[in-house]
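You will see subunit A twice below: alongside subunit B first, and alongside subunit C after that.
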Partner chain A sequence: MVSKSQRVLPGFGLALGYTLVYLSLLILLPLGGMILRTAELGFGQVMDIALSERSLAAFRVTFGASLLAAMINAFFGLIVAWVLVRYPFPGKRFVDALVDLPFALPTAVAGITLATLYAGNGWLGRYIEPLGFKVAYTPWGIVVALTFITLPFVVRTLQPVIEDIEIEVEEAAASLGASRWLTFRRIIFPAISPALLTGFALAFARAVGEYGSVIFIAGNLPLISEITPLLIISKLEQYDVLGATSLAVVMLALSFVLLLCVNVLQWWTANRHKNTEPLEVAAGRAGGAQ
Partner chain B sequence: MSRLSRSLSALMLSLVAGAALADATLLNASYDVARDVYKDYNPMFQKYWKQKTGENLELKQSHGGSTKQVRAVADGLEADVVTMNQANDIEFLADKGLVAKDWTKKFPNNASPYTSAMVFIVRKGNPKAIKDWPDIAGPGVQMIIPHPKNTGNGRNTYLSAWAWALKQPGGSDKTAQEFLGKLLKNAPLFAAGGRDATTTFMQRKMGDVLITFESEAEMIAKEFGKGEFEVVYPSLTMQTEFPVALVEKVVDKKGTRKQAQAYLDYLWSKEGQENAAQNYLRPRDPELLKKYATLFPAVRTFTVDEVFGGANKAFATHFKDGGSFDQIYGSK
Partner chain C sequence: MSIEIRNIAKRFGNFVALDNINLDIPTGELVALLGPSGCGKTTLLRIIAGMETADQGEILFSGAEATHLHARDRNVGFVFQHYALFRHMTVFENVAFGLRVKPRKERPNEAEIKRRVMELLGLVQLDWLADRYPSQLSGGQRQRIALARALAVEPKVLLLDEPFGALDTKVRKELRRWLRRLHDDMHISSVFVTHDQEEALEVADRVVVMNHGKIEQIGSPDEVYSSPASPFVYQFLGNVNVFHSRVQGGYAEVERSADSAGKATAFVRPHDIDIALQALEGGLPATVQHVHPIGPVVRIELLHNSEIVEVELSRERHEALLLAVGQAVWFRPRQVRVFGADQQPVAVPEKQAFLF
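Up next is the complex of A and B:
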């Protein structure tokens, strides 16, 4: 009926304007306000707050646990996503829906549930504590909570990408003589690694800011299991808004740098495979080695 | 533009229509666990006010962490009255000019209509024989409390122990800080809040003693059964106050001063005091205190004003960054 080509969104100008306003209102305005507020203190004071023993310990715990949780999810999330896409099994839809649950659950509920589960008399805690492995009320508890909270990120970013990999590509690799491991390493992994890194970065970013679930399982002991968001709350409790925003800004900067690293890594993995040897050569070499 | 303004005015109309059913509306910004107290109190006051003036009063409640609530009021939440569990939170509003500078003098009893006390909850039979503060500081005892820096409940415990140590023969700030150092070594964790500490102690069976409000003990009995624990009153503990205040700026703007004043005054009436007692909070009325003596046994208490020279000063000395709590953890 209508022959002229039509864009889905009205005009580029309008769409871009909307995008800018939307992002400014949602992200730039609050963040800008935060940074402006911190500017009242000056760089030296902000650094004093951020480099205090307490803050440094909290940064270590927060970023360490977040990285660990994101890595755990990158590995196991990949397996979950692969299984959900590639293998038919009874109850698949149910399992698929399960993945989103950590998103839907209020984080405090997640924290309380995990603490109950891993406490000394909990369903899991009663078996692992006699082995000398304490989870609840230690930094490990933080890792568990963050892993739970960030599970959906890796799985959900990987699923569509894995769906897009056609089985024929694997068959072709196999017919050229590639082993399963080589196929995974050279065919599958390069295709999914950008999405895997995105999932990792999302999970990490989410974990760094997580507060609600962590405080119920962390134990919150100064210098041991205090996360940075707890220190921020602690400053707000003292009506020290400037101190709180200082910590927040430093945390934001650190996260930004780390996410930038992930992006660089992503760019590097995307380009790395351009100059590698052809698959049949690698397959031939691998075959010869066997 | 015109469509927007039309729908906006329609929205406004419906809001006004909703409010029109009541002659006045009061908003009470309150601390988290006050729910039960005011759930019972509000209908009582509505009835009383209707009988006295014929006015239909609508009463709204807003609950949250005490400090969070106060910040919301400072940021523009139009609460007519604030009913809190920490004096320094109301001090903050007084500093901002929202509450009268002399708010503690505006009502009897330091503007706190009821009180509670910090008590020990121990396991049935008191297996670790915990009778007083030093019993908790000894080896092999674990104490469950909420975070002393971030929660009012935890702060009250900290200050109670400090006051006890201070009042011992030869007690000084130095010996008190040493004692707190020993005591805090026995805390395997700091719970996120009062109720979280209770769950950790009662449900997850962690620790030998939980330190919390006396009023919380009755909540625990309701939830977990009376036979599961015992309440121990230490030789000295804090009388915790629950201060109330009019938010002057808001009542003047809304024209609700008369109603708001009456709402708070009524907390000291026989009915208001009885309601507090039934929610396990110690009434100020001495007769009622006698009537409910089994709920509220005699205990030697101190107030923050007496020992620490006011809530603000206590907070600054002990819980601000670099205060005594941080010093204890820094010296480790």
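Up next is the complex of A and C:
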């Protein structure tokens, strides 16, 4: 007789079925439709569209700026999260609420605001441009917009993890003679790095798909500051639906591969510290000592 | 290394955690800081370790000023109640941490680190767990690893904050004895914090009883148990019966109305009371209310004038008496300690302290 293992939580079948249906409707169906539509073109044609000079430039700008923005946020977002968790200061709740604003603000508003700020006659632009940094209407503008939009991802994923770090662990490191820097590098950073990678991946994914804020500050010059989402829209405006879906599919594939890499890396950092062999086995191997 | 604590005070807001503490811990001694929670014992330990700064006073290590030394420069080993092991490191790396973070000049080479760590793991009898992660160990094993980690940097002082508080009774007893042996082998000074009087009395050379941020008594385990310096120490260390009385003519007159200046309280340990079936000279009548055999002793609750008196008899004595619930008996304290209204001990004659 085959014994069915008992689960503590009921409804596994129902919950899993629901999850699969929900995900299919929400994600697989639209994406599948897009891929099917693209399949009307041959692989060669899709590649021709994707590898055209203008598309390649757009991909480079999109992924490059997104990567840069995610990296900037991984660094500064970590500092923001650290300060918000660790130090009490007046107005902390206010600052904490500020972090979420990029989520709430219509992205177009953010784009227009940033463009006005960094334009040659804007509040910031008029001081920066004479120094030789042109931000508005260049790829740097894209990086600025994406950094603004994706800040909450890193901060919000890191905060609970930093809260979880026991102060005692740091005190233990200090009593063993470790400096602040060594304690951070050897104790704190390994503890938060999986969450940091998650925040980085989320920020990156969001940045790749961002459209609204970028188009107002980028200047949208083909080959220089044109992002892929904008290229897709302009193809649609020319009724080139197949061209648009081709670009979308390639973008999707690239994003998927990149996110998969990040996930694997994250899984590895999170699990490299877990030895899954049960203790009893180890005890047996050690000759039953203790 | 000896530790001298001079006039240390610490407040958290309006709460006085430590109130002018003075304490000397000579080299090689194992001292227990004993007290109820909130009495300041952990704060004092953390100030010694440099994890907390005192509002006033100073700490001297071997006679040298150490009040403002950073925790990392104090060369103390610290063991936390909840272990505080590095979760993402193996047991080996946890113990090796203190050696690996040494400045390059002092850092031992890899072979030497391996030798030292395995030696320490052998000392705590867990060398077979070197490649495990803390999450795979039991509480007792984790605490032993925490100890090995603290000892790796060869500290001159070992500080332990309720080290066995989170463990079950059997493991706790085992680790207690093992800590005592370890302390004797390592020739270091150790201070450990506990709220468990049995633990303090069993392990320590000296017990420091604390309450409300003050030291109530310092003495050997025998001293603090058999001649407590204050009513608090009496009540904190073991069970006790309290009799209201007044002191007159050198005697504690139990149960006389305490109207005059001689108002006092008499303390009697349950095992210092005799029970007899017939009238005792200087004894009091009572009825037996409960009989609880607890392992080697039998605890008896007597009812006397609507007050409960706790008595502990040995099994043999109980078998000779064969007390039954409801039975009328006589009891008489063998030994009594009287504290006056000012909480100071009052001298009473050894024999027949009581006048009824």
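In this section, the second predicted complex is superposed on the first by the 258 of 290 C-alpha atoms of A that agree within 3 Å, B and C clash if a C-alpha of one lies under 4 Å from a C-alpha of the other, contacts with A are read in each partner's own complex, and residues count from 1 in each chain.
As a working rule, contacts are C-beta pairs under 8 Å (C-beta built on N, C-alpha and C of every residue); 3 or more make two chains touch, one makes a residue touch a chain.
The shown structure was predicted, so the numbers you read here are calculated from the model rather than taken from an experiment.
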First (subunit B), second (subunit C), both or neither: which does A:Glu166 touch? second
Taking the superposition as given, does A:Asn271 touch the first partner, subunit B, the second, subunit C, both, or neither? neither
Who does A:Ala178 touch here: subunit B (first), subunit C (second), both, or neither? second
Note which residues of subunit A are touching subunit B in the complex, please. 52-54, 112, 115-116, 119-122, 136-137, 215-216, 218-223, 225, 230, 233-240, 243
Considering only the defined contacts, which subunit A positions touch subunit C in the complex? 166, 168-169, 171-179, 182, 186-187, 190-191, 273-275, 279, 282-283, 286-287, 289-290
Which residues of subunit C touch subunit A in their complex? 49-51, 70-78, 80, 82, 84-90, 97-98, 100-102, 125-126, 128-129, 131-133, 135-137, 146, 149-150, 152-153
Where on subunit B does subunit A make contact in their complex? 67, 71, 92, 147, 149-150, 187-192, 196, 199-200, 203-206, 315, 319-321, 326, 329-330, 332
